[in-house]
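Two complexes follow with chain A in common, the first pairing it with chain B and the second with chain C.
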Partner chain A sequence: MSLVINYIANSLLILCLVTSIIQSRFLFKIQNYNLLSISQISAIQFLSILVSFFLLIFLFITSDFNFDLVYFHSHSEKPLIYKLSGVWGNHEGSMLLWILILVLFNFLFSLSKSSSQKFKEITVAVQSLMIFGFVLFLLLLSNPFNINNENFNDGLGLNPILQDPLLAIHPPILYIGYVGFSLIFSLSITGLLTSEVDKKWATVAKPWVFAAWSFLTAGIALGSYWAYYELGWGGYWFWDPVENASLMPWLSATALIHCVVVLQKRNTMQSWTMVLAILTFSLSLAGAFLVRSGVLNSVHTFASDPGRGLFILIFLFIILSSSFLLFALKSDKINRPTLHNISSRNTGIMVNNWLLISILIVVFLGTMYPLATDLLYNQSLTVGPQYYAISITPIIILFLFFMILSPKLSWEESKLLKIINEMRYILISCLTITFLTTLYYDLFNITEILIIFLSLILIISSLSSGLNFKSTKVIVKSNFGQSMAHAGFGIFILAVVSNAVYSQEKIYDAKVGSKLQLDEYIFDFKNIEQEEKVNFNSIKAFLSLSKNGKDLGDFTPEIRFYSDPPTITSETSIIHQFFSDVYVVMNVPQNQESISLRLHIKPFMNILWLGVVMIILGGIITAILNKKNYRENEIN
Partner chain B sequence: MKLNSVTILIFTYSLLCFPVWAEETRAINIFKEVRCLVCQGQTIHESNAEIAEDLKTLIREKINEGKTDREIKGFLVEKYGDWILMTPPIKKLTYVLWFAPIIIMSIGLIVIFRRKREKV
Partner chain C sequence: MTDTVKNRLIKFLVSLIIFGIAILIIVYNLRDNIVYFYSPSEIIENNQTGSQIVRLGGLVESKSVVSDGDSIFHFKITDGQEQISVKYQGILPNLFAEEKGVVVEGIYMNDGRFIANKVLAKHDENYMPPEVIKSLKETGKWQE
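On to the complex of A and B.
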């Protein structure tokens, strides 16, 4: 049975390899093969990977330990959902998932009708060449269907910290984002090859760019939310190298989506758009490489096999060098000379593009610098959150300023004074709110006040530009997606700053029966229990929370001891309130008498996630509205 | 009214506890700046590994001895190297890390505004 599955799966992968070669024929001007249409071959390509992916899922569900991958990463006693997520909770499986999404995008694009036949052929060809590379990598260096000759009774299990419903969906979503940019990359290469980077190109690329960007954002947000409640370190972003590896493509992708809009509207910034498209995909690949290789130590590192890292590095090198060579040869042909005015929206978008790249440089330096000093000077450094906070804050202030200003500027020429005059009510009201907040909360830090002021203006001016209030009707304008995402960003920044200022925490060595206090909250430590579950043992503490005598709910923080593989995890217990989250983490008990508990008050977390959700929805709305060709929608 | 009495209560309570609290806040601020030697990217504040607890005790002792934050950090760097601090100090080795972003950003902005002006 196992041998049959092994045989079928490998044949399917080879079938995909062959179809990818056939698909890439357009690049080599071989046109005389017309047995099947592009979309039909893409369908075969897609189905072959889809079926082999289902085979792998089948192997994990039935716990077939004759397969190495299942043996190393699953366990018969594991709940079904984690058997399922175990499929992509490892290197080989996640590579197959990566390829599945790659062929899915290729298939979807081959079905789309937005571009000319020739353009479609070349794009699919470039994409197929990439698919060929990855499938080859899978077959040669990380085949998920390898069989062992032992008869294992049970598997070795999955890292328990990864046994979480959110983490079951986090990798697929993030991958859709990453891989989505492979299609943008293929589109850019096609644009360069045919010298057609213009309004038409931007119209074809736009829904894909926005869709990929929304998924990337959602993927990062899910990871961040997971870290917030699972790791229990009191934060939602740790500037961990792996998080940074996903943030870097996001920053360049955010610059890219704005360029595509400018290209569609004004037919300028061709070169810069191409550079960003290539950069974004390269960073996505590099992110995948960083996560996958043993260079960085974290929960994300699946396997450290130098051969695999080397393959992706070579792959990355080929993609980067060939695409930039192509760009160098063609950049003269795609650019059209245009006249710009200093006070146009173009300038604003360009400035913010550059500010995003500057943040990217901060993140890049922060991530790579310790590696570099270690290698070159044999000196170890730690680059912690403080470095990022100090370096990014001045850039964010400028960024917010131009984010408010740019949408108010016209594409032609605008008078600054006129804009300020138009915004006078918003400015005055925001100034008043900021002033009152400053007084009420004793804020004295000028940077914090400035950021709060700017993000307030951003929220209000974005919302008011996306909606038109007319007596009884609210008209949703075509830029609704944009204004929603921008307002979301303002809300996000506002929440981040307030959260940083007003977070509180305290560590107690507590005994059962004691009452703990933090701010106005009283934590009543009631009981502690030991439990035995299917795949772990646990120690659970029971606390109840009250404020001013009012009961707010119960906490059950937990320490889990997993046996396969042996790991200890700490489960955070959170009470969500509208304005602040209160949570308790238990540290691993060191002695019998008392338990070390960490209490946190995290204000504005709900608002922070609300901002993030608005950003994602804004992206999705723009991707969909583009298809409807900016028809004005009316809602009563 | 109820809110007021609670506020007054907390205020008096915090006044009474102030000296202890201030020292504890100082200690926590230093804990957050010191890396746990055996954990991945955690500060000793977030960790309860044995070595982190030892360092915390050490830092509390130094505060009691009347050492300043700077002296305590200097002591730690001398013993364990720059690596122990969560934020890298500004020195020759870290000039690029600290100043490259702001320089690159400024050059880019100057180019954008200059270029546009010439074209008009």
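On to the complex of A and C.
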């Protein structure tokens, strides 16, 4: 049975390899093959990977330990959902997932009707060339269907910290984001090859760019939310190399989505859009694979294999050098000289593009500096979070300013005084709110006040520009996606700053029956219990929370002792209130009498996630609305 | 030299200078915020005492972990040659165990003790921080 599956899966992978070669024929001007249409071949390509992916899922569900991958990463007693997430919780499986999304995007694009036949052929060809590279890598260096000759009774299990419903969906979402940019990359290469980077190109690319960006944002947010409640360190972002690796493509992708809009509206910034598209995909590749290659030292590092890292570096080098060579050859042909006024929206967007790239450089240097000193001076070091805070804060202040200003500027020419005059009510009300908040909370740090003031203006001015308030009804305007995402960003920044200022934390050595206090909250430590579950034993503490005599709910922080593999995890217990989260983590009891508990008050966490959700929804709305508009244009 | 080429050259140089200055500022800021990593031997050799926050990594020596209540822990970190006593108040990460790799962050005191304010956790129970592997290899205590 196992041998049959192994045989079928490998044949399917080879089938995909063959179809990819057929699809890439358009790049080499071999056109005499017309048996099947592009979308039909893409369908075969997609189905071959889909079926082999289902085979791998089947192997994990049936716990077939004749397969190395299942043996190393699964266990017969694991709940079904974690057998499933075990499929992509390891290098080989995640690689297959990556390829699955790659062929899915290729297939979807081959079905789309938004571009000309020739354009579609070349894009699919570029994409297929990439698919070829990855499938070859999978077959040669990380085949998920390798068989062992032992008869193992049970598997080694999946790291319990990864046994979490959120972490089961985090990699697929993040990967859809990363891989989405492969299509943008292929579109850019096609644009460069055909010298057609213009309004039409932007209209074709826009929904894909926004969709990929939304998924990438959601993927990062899910990872961050997971770290917030699972790691139990009280934070949601640690400037860890692995987190930075996903933030870098996000920063360049954020610059890219704005450029695509400019390109669509004004037919300008062609070269810069191409640079960003190539950069974003390169950073996505690096982000997805250097993480697993072991090059980056991080709290998230999993078992690694340097050989694979080398393959990815070579792949990255080929992609970067060939695409920038192509760019250097063609950039003169795609650029159209345009004159635009210095006080137009172009300028605003360009400035914020540069600010995003500055943040990218800050993050890049912070991530790479330790690697460089280790290689050059054999000196290990880490970069503290302070570095990021100090470097990024001034950039964010400028960024917020231009985020407020740019949408108010017209594409032609604008008068600054007129804009200020139009915004006077918003400015005055935000100034008043900021002033009152400052007085009420004794806030005297000028940077914090400035950020709060600017993000308040951003929230209100964005919301009011996306909605039109008539006396009886609210009209949603066409830029609703943009205004929602911008307002979401304002809310996010507001929450980040307030959270940083007002977070509190305290550690107690507590006995059962004692009452603990933090700020105005009283924690009543009631009981402690031991329990045996299916795949772990647990120690649970019971606490109830009250504030000013009002009961707010119960905490059940927990320590879990897993046996396969032997690991201990703490489950944090969080009570979400509208304005702040209260958070309890317990420690492995060291003695009989007392237990260490860490209490956190994290204000504005809900608001922070609300901001993030608005950003993601804004991206999705823009992706969908654009498509609709285009269809309408087509019919006309 | 034609005007367009001249124009481009000027633009290029100006952006290079601005870019260079920006990088300098960032790197300067970076150097103030880096945390060095040492093994017990290195920290004794360099005599890194004082107020600077550093990281110390190695193996937790067996039978060295003592708790004296109030979440205060004492333990020793060794690289096979030297050992350093560490005092830490807080919650130990779940993967903290004797004879396993550990990285602590804090201040190395004049009296040779290390006051840690962070004990860093890792995801994987078999995972060993690369710095620890490196320093163990240097002292010949590392077995594949």
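What we mean here is this: the second predicted complex is superposed on the first by the 622 of 636 C-alpha atoms of A that agree within 3 Å, B and C clash if a C-alpha of one lies under 4 Å from a C-alpha of the other, contacts with A are read in each partner's own complex, and residues count from 1 in each chain.
As a working rule, a residue touches a chain if its C-beta (ideal position, glycine included) is under 8 Å from a C-beta of that chain, and two chains touch if they have at least 3 such contacts.
Just so it is clear, the structure is predicted and the values come from calculations on it, not from any experiment.
Novice: Under the superposition described at the top, does placing chain B and chain C together on chain A give a clash or a fit?
Specialist: clash
Novice: Applying the touch criterion given at the start, work out whether A:Leu381 contacts chain B, chain C, both or neither, answering first, second, both or neither.
Specialist: Touch status of A:Leu381: both partners.
Novice: So, does A:Thr567 touch the first partner chain B, the second partner chain C, both, or neither?
Specialist: Once the two structures are laid over each other on A, A:Thr567 reaches chain C alone.
Novice: Contacts for A:Leu610 in the overlay, against chain B (first) and chain C (second): which applies, first, second, both or neither?
Specialist: After superposition on chain A, A:Leu610 lies in contact with neither partner.
Novice: Scan A:Ile575 for contacts with chain B and chain C and give back first, second, both or neither.
Specialist: Neither chain B nor chain C is touched by A:Ile575.
Novice: Of the two partner chains, chain B (first) and chain C (second), which one does A:Leu17 touch, if any: first, second, both, or neither?
Specialist: neither
Novice: Which of the two partners, first being chain B and second being chain C, lies in contact with A:Ile559: first, second, both, or neither?
Specialist: Once the two structures are laid over each other on A, A:Ile559 reaches chain C alone.
Novice: Is A:Leu450 touching the first partner chain B, the second partner chain C, both, or neither of them?
Specialist: In the superposed model, A:Leu450 contacts neither chain B nor chain C.
Novice: Touch check for A:Tyr369: first (chain B), second (chain C), both, or neither?
Specialist: both
Novice: Between chain B (first) and chain C (second), which does A:Asn587 come into contact with in this model arrangement: first, second, both, or neither?
Specialist: It touches chain B and chain C both.
Novice: Going by the clash criterion at the top, which of the stretches 5-13, 77-85, 113-121 or 131-139 from chain C hits chain B after superposition?
Specialist: 113-121
Novice: Considering only the contact definition stated at the top, list the common interface residues of chain A for chain B and chain C.
Specialist: 297, 358, 361-362, 365-366, 369, 379-384, 386-387, 390-391, 587-588, 590, 596
Novice: Applying the document's contact rule, which stretches of chain A touch chain C when the two form their complex?
Specialist: Touching chain C from chain A are residues 159, 161-162, 231, 294, 297, 299-303, 358, 361-362, 365-366, 369-370, 379-384, 386-387, 390-391, 507-509, 559, 565-570, 585, 587-588, 590-591, 594, 596, 598.
Novice: Give the list of chain C residues in touch with chain A in this complex.
Specialist: 22-23, 26-27, 29-30, 32-37, 53, 55, 67, 69-71, 73, 89-92, 94-95, 120-127, 129-131, 134
Novice: Hey, which residues of chain A end up touching chain B in the complex?
Specialist: Its residues touching chain B are 233-234, 238, 240, 297-298, 339-342, 347, 350-351, 354-355, 357-358, 361-362, 365-366, 369, 373, 377, 379-387, 390-391, 394-395, 520, 548, 587-588, 590, 596.
Novice: In the complex formed with chain A, which residues of chain B make contact?
Specialist: Interface residues on the chain B side: 2-3, 6, 10, 33, 35, 40-43, 46, 48, 81-88, 93-94, 96-98, 100-102, 104-105, 108-109, 112-113, 116-117, 119-120.
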